[in-house]
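Order as written gives the chain letters A, B, C and D; numbering starts at 1 within each chain.
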Amino acid sequence: MAQSKQESPFRGVVPYIVTPLKEDGEVNAELVCRLCNDLIAAGVHGIAPLGSTGEYAYLSNDQRSQMVAVTIDAVAGRVPVFAGVASYSVDGALLQAKTYGRLGVDGIVVALDAYFPLDETETFDYFWSAADAVDLPVAIYTNPNFQRSSLSISVVDKLSHHPNIRAIKDASTNTGRLLSILNRCEGRLDVLAASSHIPLCVMMLGGKGWFSGPACVVPRQSVALYELCARRDWPKALELQKKLWPVNEMFARYNLAACIKAGLERLGYPVGNPIPPQRPLTTEIRSEISSTLSAILQECSLAC
Amino acid sequence: MAQSKQESPFRGVVPYIVTPLKEDGEVNAELVCRLCNDLIAAGVHGIAPLGSTGEYAYLSNDQRSQMVAVTIDAVAGRVPVFAGVASYSVDGALLQAKTYGRLGVDGIVVALDAYFPLDETETFDYFWSAADAVDLPVAIYTNPNFQRSSLSISVVDKLSHHPNIRAIKDASTNTGRLLSILNRCEGRLDVLAASSHIPLCVMMLGGKGWFSGPACVVPRQSVALYELCARRDWPKALELQKKLWPVNEMFARYNLAACIKAGLERLGYPVGNPIPPQRPLTTEIRSEISSTLSAILQECSLAC
Amino acid sequence: MAQSKQESPFRGVVPYIVTPLKEDGEVNAELVCRLCNDLIAAGVHGIAPLGSTGEYAYLSNDQRSQMVAVTIDAVAGRVPVFAGVASYSVDGALLQAKTYGRLGVDGIVVALDAYFPLDETETFDYFWSAADAVDLPVAIYTNPNFQRSSLSISVVDKLSHHPNIRAIKDASTNTGRLLSILNRCEGRLDVLAASSHIPLCVMMLGGKGWFSGPACVVPRQSVALYELCARRDWPKALELQKKLWPVNEMFARYNLAACIKAGLERLGYPVGNPIPPQRPLTTEIRSEISSTLSAILQECSLAC
Amino acid sequence: MAQSKQESPFRGVVPYIVTPLKEDGEVNAELVCRLCNDLIAAGVHGIAPLGSTGEYAYLSNDQRSQMVAVTIDAVAGRVPVFAGVASYSVDGALLQAKTYGRLGVDGIVVALDAYFPLDETETFDYFWSAADAVDLPVAIYTNPNFQRSSLSISVVDKLSHHPNIRAIKDASTNTGRLLSILNRCEGRLDVLAASSHIPLCVMMLGGKGWFSGPACVVPRQSVALYELCARRDWPKALELQKKLWPVNEMFARYNLAACIKAGLERLGYPVGNPIPPQRPLTTEIRSEISSTLSAILQECSLAC
């Protein structure tokens, strides 16, 4: 068991990709393909459809499965594909997990949507059941901002004993929480950062990488940062981290999915608008994103 | 338009019914039928499947449609049936609304699940689009505790101008907000209470009734209260309201759906446990529910 | 004890008055006197210095004592004077309570400022200690919006057994909570509304009146509403309540103390600006207050 | 101006010390003296009375001044003394700041207690006014958990241009916010960690040290950690940081001041109970603190 845990596929820079839809509601496979090709060429270590950035909450189950299938086709085994699983009910999570397993994902990232407040036992049940239902590596995911439920550290600890559960991605802004998890679960559970944490800090504490929407628009720079961290070259890593941080700042100010979609449009990927009722960002915000991105890309190309 | 608004079907006591599932995940039609018969015999003015109490969030789309169909069959036109519609996306809401319309509901109660925060325009779009998609009376519903989005009074005001939008059900605990809505929208939009408001107060301010999970377990008493309010017999209404209030108090302390299910079990309806990962209430809480219910039923039978 | 409880002085319309300061930081006694005279002439049943509206949090202990002394002088026994007591520490509360007792107040309204979170026992201790320290009627006060602590209903119940504790003023917006308290403590504890509740509703449920900043600017109308409620003339009371409600709405939108100060300025009382760092309201908001007030005063003068 | 900023005294490990009171409410000067001597012997770089840990909110102004005077006497110039200033009003802050300046502090740490919500201009006014009132180095402090107000990064940026404002201590748990501040204000404003951040991470990002209640009970270990960070010996710093982190974790679970007082009692300083209505920690929690402390002290003595 410890052995299988060491082979966890969750590591490095894993961009959460957006879900580009055509007018008829079908996933734009061609665009997913182009985006995946470019991200893989930039060196990313995995691809994650159906995260917050992928607007999973706004998609039908059919659209979700289609997006996973299209991504697997596009990636074609070059890097692992991790699909997001999230539901209010255990049955809903199992259905998604099994479907994506059959489609051929390399792992799932499981989140919990809470309606009525859940206690720790109920939260534990949800994640444990999902991990039991598949024969796949599982990352558990917690995001107190969007999902109204949190995983206490003692529940995380208990979950870390499931053979399939290999990693946790925590999308709070509380970096101390990650150190608490590392202190308690290191060896059984890898820690990955989200875009609300500073990747550099998480890597330094013992993190294995980061899942991140913003990595879609700065993949090459993110990979460079990861490599500096992996080499423990902290002074250069800090220099690059400071240049990249405004991307995270900017995307935290507005609707994350809308921002990443706008950023990708700016970079030449016509991924379209966020799914209604979300409205496209205003021209003003799109300009802000555009100029922040330009500045960072320029600064980093000189530096990297 | 004003005319059609006056014929709104949303009024009186409308119990939110639970969703009893069989082991195979199918809706227990027989039990829904028995429950509806008893509620109608008790005098309720409508029946509402797929509310919070109906655990809509935990059901698949197929289960939802099945529950609506089963309820319509069970009610057989004796009182109107209002189905809950809730989604993160406009498309998801439209799909549900149209499906339930085809199945023959008499109205829909539309709620918004928010993932990324929405501004007022986006919130407006969602509700307006749903109202546009059907040829049915629509009640808009807001519940800041469970849905992480709220409808400002100016958005409510704008929505009240849609010909299909006839009523609002507000599940905050802020009764002053209802008076603000009545002051602004009376004539265009009827106000109904939820179980977090004191029905007596809402009726006195000009409300037309209440949607309520707890009405499932005290239907006769709720109808008696409604009739006292309708007759403006405030002293007797207050006396009854005070006796009934502990039901709302008790159900607010714990998971609402689990409580109503436990209450119905106590009254002889084997509706089963809440949907996992929700766990059944502890024996202790079930006893508390049982004895509170007994006390109220006895007190009110003497009084009513 | 039950007897003394029946003679509680907390009833009717009790305006929270503002604290007008001169340039040197001294309380403007002349203005307090004029305001109290006018409020008493309008029929109010008590006067309350050192509430939220009185900006107690922004005053030094010396200014607080001065404000209480000045108010007692101004009122000259015509109606009771109730001073606000609020502190983080028991000792701080006792010092204020004893000082105001010596100055001659007719009762105190005790609130708790919480820094570190307190459990129920600690909260209980604070209020019980304050009630023990004086030989005066005590109203306990809870305001979850401003004081980061709340009184659970079981703590309220326990406190209601103290002979000095006669009333509760709850400034949440949750009117159901008041019915829960009435059901549990009626006979031992009178319930009074705050400006976040609809006075009409609270009166109908069995409330004894309301403490309110807005009553400073519509005293005559508030007294008229109280009298309609006391006479149980609900239809007329509702009519007046609906006309008056926009005052509460407006003052809930902005800084309450700044609003009441602006409203009083508009009515000819030069009470000055809110205490820094609070800034005076913008000209735009002052105009909104002015025109809302004008509309209400005109509508009500025709009606009252 | 840039020059004076470089000489900022806010750096290194600065323990927030508790306020030990005698039965008569006087500060226990002897105990403060012993504690300061021991902390200075352990190598701390400054001493900070009147923080959250010092229970400033629960003290009278007289007790506050006494505590500052006693600390200055005890420290006798060996390290700088920084006194906490916090008030709802500008006048209250100025009074404290000037008093402590006259008593001879080496700097002040200014926090804002918010009652009515304040906008950015009002927040700015408060801090700028306090910095203007003294001829002392000022650290601005923000703690969203306890003070219901936050400093946006653009307000922090504006404040960083005041010649007296040299440092910021942020007690959120959001480490990314510190990087945003560093990116924007480095050179004008030093960043210090609070006990909710991982000191190692903040130091790595460019921080200058940390203000911390827990440093009272692990001063020698904290200084060792600081020195490893200062030497950029990250691997050893991480090793020690991981061992020390459970102190911060433990103190975050309960009332911070009560914990530090209990920890100091355990170490032989009879500093007494937290100020009422706060109750002493239960025996169970005190045992937990005791054994956590023992474990850490032993582990670190082997390591350091």
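The definition used in the following text is that contacts are C-beta pairs under 8 Å (C-beta built on N, C-alpha and C of every residue); 3 or more make two chains touch, one makes a residue touch a chain.
Quantities reported herein were computed from a predicted structural model and do not represent experimental measurements.
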{"item": "Partner chains that subunit A and subunit B have in common", "value": "none"}
{"item": "Centroid comparison with subunit A (C-alpha atoms), farthest chain", "value": "C"}
{"item": "Inter-chain centre distance, subunit A versus subunit C - centres from mean C-alpha coordinates, in Å", "value": "51"}
{"item": "Inter-chain centre distance, subunit A versus subunit D - centres from mean C-alpha coordinates, in Å", "value": "36"}
{"item": "Touching two or more other chains - residue numbers and ranges from subunit D", "value": "none"}
{"item": "Chain contact topology (line, ring, star, complete or other)", "value": "ring"}
{"item": "Contact pairs between chains, per stated definition", "value": "A-B, A-D, B-C, C-D"}
{"item": "Parts of subunit C lying in touch with subunit B, wherever the complex brings them together", "value": "172-177, 179-180, 182-183, 196-198, 200-201, 204-206, 232, 234, 238, 241-242, 245-246, 248-249, 252"}
{"item": "Residue numbers on subunit C that touch subunit D, as the complex places them", "value": "25, 52, 57-61, 88-92, 95, 112-113, 115-119, 121-123, 125-126, 129, 146, 148, 255-258, 275-279"}
